[in-house]
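Presented sequentially are two complexes of chain A, the first with chain B as partner and the second with chain C.
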Partner chain A sequence: MNKGVAITGMGIISAIGNTVEENLISLLNNKVAISTIDNISTIHKDSIKVAEIKKTNQELVNELQLPEENNYSRTAMLGAIAAKQAMADAGITDINEYRTGIVSSTSVGGMDMTERYYYEYFKDESCLKYVSSHDGGATAQTIADELGLKGMVTTISTACSSAANAIMFGARLIKAKKLDRVIVGGTDALAKFTINGFKTLMILSDTDNTPFDNDRKGLNLGEAAAYLVLESDELVQKEHKRVLAYVSGYGNANDAFHQTASSENGEGAFLAMQKAMKVAGLEPAQIDYINAHGTATPNNDLSEGRAMLRIFGKHVPDFSSTKPFTGHTLAAAAAIEAVYSILALQNNIVFPNLNFKTPMSEFDLVPQAVLKHKPIQHVLSNSFGFGGNCSTLIFSKSE
Partner chain B sequence: MIKQATYIKAYCSIQNNKIDLNGTSVFKTGECLFVDFAKAAYRNFELNYPKFFKMDNLSKLAFLAAELLLKNELETDRDIALLLSNKSSSLDTDIKFQESINNQENYFPSPAVFVYTLPNICMGEISIRHNLKSENTFFIFEEFNPGFMSNYTNVLLCTNRAEEVLCGWVEYYKDTYRAFLYIVTTTFGIPHDATTIQTLFNK
Partner chain C sequence: MRKCYINGVGCISAQGTFDTVFLEDSIVNDQDNVLTIQDPVYKNYIAPAAIRRMGKGVKAGIVASALAMQEAGVENVDAIITGTGMGCMEDSEKFLKAIIDNNESFLTPTSFIQSTHNTVAAQIALGIKCNGYNFTYVHSAVSFESSLLDAMMQIESGDAATILIGGIDETVEYTMSLFKLAGYIKNESDKPFKVLPATSKGVVYGEGATFFIVADRPQSSSYAQVLAIELLNSLEVHEVEIKLNHFLAANGFQISDIDAVVLGYNGDIEYDVYYQNIAENCLANTTQVYYKHLSGEYNTASAFGLWVAAKIIRTQEIPAIIKVNRVEKESYKTILLYNQYKGKDHSFTLISTCQNTE
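Let's turn to the complex of A and B:
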């Protein structure tokens, strides 16, 4: 197998915890965070459930010690908090000491602020400051500024596979020796834009989401941010860095089927998993755990399940979706699930696929429904986005 | 990366209600709106792909050019990468979408319009039609950028990311449009370089 790129730090803020440790405690104790929405005033308040970080924007401003007249979006603030944790975890004190970059993903960007003032811009100049923090690139730049980073800053926005592509791109930048280290991940805050958009597509559940269940009704949206620090082998050796795990494989494929829906046979998902295993130099039998995309929409779980059967045949490894804990956090999903995949490797655990009752009628795939302890060497993590943008990452144990 | 010669296998230009394929005029209409011209071209070439009528204008334009270049490619599982560019992104459709939500009392944001508020959706339409699960990228430039395009295409071909590349310019904004698409391969055709594609673009 190919060793891959070293991960030396990670940080996360999600609805189930404000740190890596808090997230692990919640995952180990079935502490879910699906609730009614508090921070956004929406007419769908009573008909949807979300996974919300129960901190107001003012609390985030205070935590980051921002001036009152800042123009930070919630997305950028969550991103800055998680990226700072990842930096500290990797023991980085001088971020510009080596060639360092950030690849940050987001789907909603600064929309959580701009949508509030949509009809005000031409009347009230004071809200114009949010226009410059609206686009996805501004989110990455804001996080880079908070970290004091002077190096490469770039943004990836490929819907729900965004953070997987950010991690993949970062790993390739290290392998190509373009950078010595790179902060990779994603951030997305809840916004009316996404709530209303997904509502229109009729894929929001009014109950807790139930991935891979025959009676699944759709997804719960969530908000989160998570970042990893990837470093070159040379830097790891020189600085005697502790390695949490390796990004050993990655693959991205085009489903070529529909603007939003996934194909029936999961062609894109199949190709992404196949490519990732090829990059890692692993056989299907070597995968110990799949952290599935598992959004609990009728379409995704069927398509992903079929793709898993095509790759693994009769020997599908233990798999689970952690979205019943965190909701679907869109462009951040692959980053928080990367953190969970690393935690699975470090603690030798398969996280439970909560809320599962009835196997799907189309096949006999049954997710791991309760916490399971077993040796884990390689974790495969899927993330599939609208536009048929399918990505797979493989994380391997550091030894 | 092993450098190898690359060739333009075929090229297609659409502008001013006229379609040229490999330098020869293959279809034209009199003065009319693009939407009517596109419908006439669809009928003329007997495309038989009803999803065409749901597309936005940028996608229709890219789709028509791609259709003429790829319709004779019968093999399946062809590894043809897509590399497109333009100046106005999807702004034409973005504005239509914005207008649909502009009035606070009377608004209707349609998902059918919204899905086209990205320029790369036109590559998605081509991928779906021709079953291309290949590399694809869309770049925004002030004007057609032959140096960048030829270099990027050669990297894709010489690093075995694709067998062929469907590349070019597909621009649509407020009824002014231009498509110039061409296929680059490693086997035969007109020698592919920045000067040649600029010359073909200017025709």
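Let's turn to the complex of A and C:
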């Protein structure tokens, strides 16, 4: 097998916790965070449930100690909080000491502010500071400013697979020796834009989401941010860095089937998993746990399930979707699930696929419904997005 | 390590660039502060029923990518990598406006579905049935450069042999009115609008779709070889020359090896000093070229810049309309590009004539 790229730090803020430790405690104790929405005023308030970080923007401003005249979107603030944690976890004090970069990802970017001030902009000059925080890149630039980073900064947006692709590109930048270390991940805040978008697609559940269940009704939207620090082997050795795990495999493929729907046989997902295992130099039998995309939409779980059967045949490893805990956090999903994959490796646990009752009629795949302890060497994590975007990451234990 | 060649180009811009040799049909429009693309005949490339549903950037992206593939003589690719600073604004705006104006009621999903930043790359993949790697970078002025860097890394490592890359951005009414309000776009009172010399704040905005086929082997249609690219998020004016010299040295070059430099001057009096400072100092004796007076400024205008550089190498000619100074060279073998926007997201790109050696 190929060792991959070292992960030396991680940070996360999600509806189930403000730190890595809090997220782990919630995952171990079935502490879910699906609730009605508080921070956004929407007419769908009573008909949808979301996984919301129960902090107001003002609380986030205070936490980051930002001046009142700041122009940070909620997406950027969540991202900055998670990225700072990751930096601290990796023990980085001087960010510009080595060639350091950021590869971030987001789908909504500063949309939360744009939708709030859409007409206000033309009436109240004081809102205009948010015009420049709308685009996806502004989020990563904000994080770079918060970390004091001067170097390579870029952003990926491929809908719900975005953060997987950010982690993948970051790992490749290290392998190609373009950078010595890179902060990778994603951030997305809840917004009316996405709430209404998914609502029109009729894939929002009015109750807790139930991945891989025959009676699944759709997804709960969530918000979160998570970042990992990846470092070169040379730097890990030189600085005697603690390695949390390795990004050993990655693969991206396009389903090329439909703008929003996944193909019947999960071609894109199949190809992404196949590529990732090739990069990692692993056989399907060596995967101990799959952290599935498992959004609980009828289409995704069927397509993903079929792709898993094509890869793993009769021996599909333990799999679960952690979206019943966190909701679907869109561009951030793969980043928070990367943190969970690392926690699974560190603690030798398979997280439960909550709310599962009835196997799907199309196949006999049954997710791991309760917390399971077992030795785990390799975790495969899937993330799929609009535009047929399919990504797989493989995380492997640090020796 | 394999080398990275530009084997085909396709450019939809404010100028007639989709069926021309170079810039022979170009004219400077100094009366409008937003320059829109010259539409190609879309129905020659896209089914009419599909055209109606597509945003401007998607349509232009599909045509520009088809032109690049046609020129390179390829029907499919190993990867599709796009860059877009603002994404599919037309559909985003349509959906957002409907949410706000109708208080979240009576919405249809079509514009939401097409609002994601990766719609262009996805629609191209769907059109040519490409199951390969599909990425979209959305980082302001380095959106396109990120896709070029990604593609180069895949070509160099042998992970892919033929890759379609492109930069797409579209102008839409609401965002343009917001940009005017925020002062990013020049005031009407600053007419006629000038890029060189810059006399006022803000820029003339633009839009476009510029695609390239990059591949690991040169062929008769090849334009140039991409030698190196570097992205840097923020620099002070005085740091540009230092970083430029580092970049060149790291790739075995020095200023005197550069036959022409393509600069991203956009006429913003506040920030053009980034270009001016190197143009008047270390690059004073180098042939200088500019292009945003033709394309307008937008997050992926630098892809138009690369198109200009590739065309210079192909034609060995620099049209008068893009010349900054009078320095001339007998031949243009090695061209440097430098771009930034508002002092952020700097990029250096180095291309040369094809060196067909392993």
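Simple rule for what comes next: the second predicted complex is superposed on the first by the 399 of 399 C-alpha atoms of A that agree within 3 Å, B and C clash if a C-alpha of one lies under 4 Å from a C-alpha of the other, contacts with A are read in each partner's own complex, and residues count from 1 in each chain.
As a working rule, contacts are C-beta pairs under 8 Å (C-beta built on N, C-alpha and C of every residue); 3 or more make two chains touch, one makes a residue touch a chain.
Keep in mind that this is a model prediction, so the values were computed, not measured.
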Do chain B and chain C fit side by side on chain A in the superposed arrangement, or is it a clash? clash
Touch test for A:Ala140: chain B only (first), chain C only (second), both, or neither? second
After the superposition on A, what does A:Thr155 contact: first (chain B), second (chain C), both or neither? second
Return first, second, both or neither, reflecting whether A:Val131 touches chain B, chain C, both chains, or no partner chain. second
After superposition on the shared chain, which partner residues are touched by A:Thr114: those of chain B (first), chain C (second), both, or neither? second
Mind telling me which of the two, chain B or chain C, contacts the most residues of chain A? C
Just checking: does A:Gly268 make contact with chain B only, chain C only, both, or neither of them? Give me first, second, both or neither. both
Of the listed segments of chain C (26-34, 206-214, 260-268 or 332-340), which one clashes with chain B in the superposed model? 206-214
In the superposed view, which residues of chain A touch chain B and also chain C? 119, 196-197, 200-201, 253-260, 267-268, 271, 387-388
Spell out the part of chain A that touches chain B in their complex, as residue ranges. 119, 196-197, 200-201, 253-260, 267-268, 271, 387-388
Using the touch rule from the top, collect the residues of chain A that touch chain C in their complex. 42-44, 102, 106-107, 109, 111, 114-115, 118-119, 121-122, 128, 131-132, 135-138, 140-141, 144, 149-159, 165, 169, 172-173, 176, 178, 192-193, 196-197, 199-201, 252-260, 267-268, 271, 385-389
Listed in rising order, the residues of chain B that touch chain A in the complex are 104, 109, 111, 114-115, 120-121, 124, 127-128, 131-134, 136
For the complex, give me every residue of chain C touching chain A. 80, 85-87, 92, 95-97, 99-100, 103-105, 107-109, 112-119, 121-123, 125-126, 129-140, 142-143, 146, 149-150, 153, 156-157, 177-179, 181-182, 184, 230-235, 299, 344-345
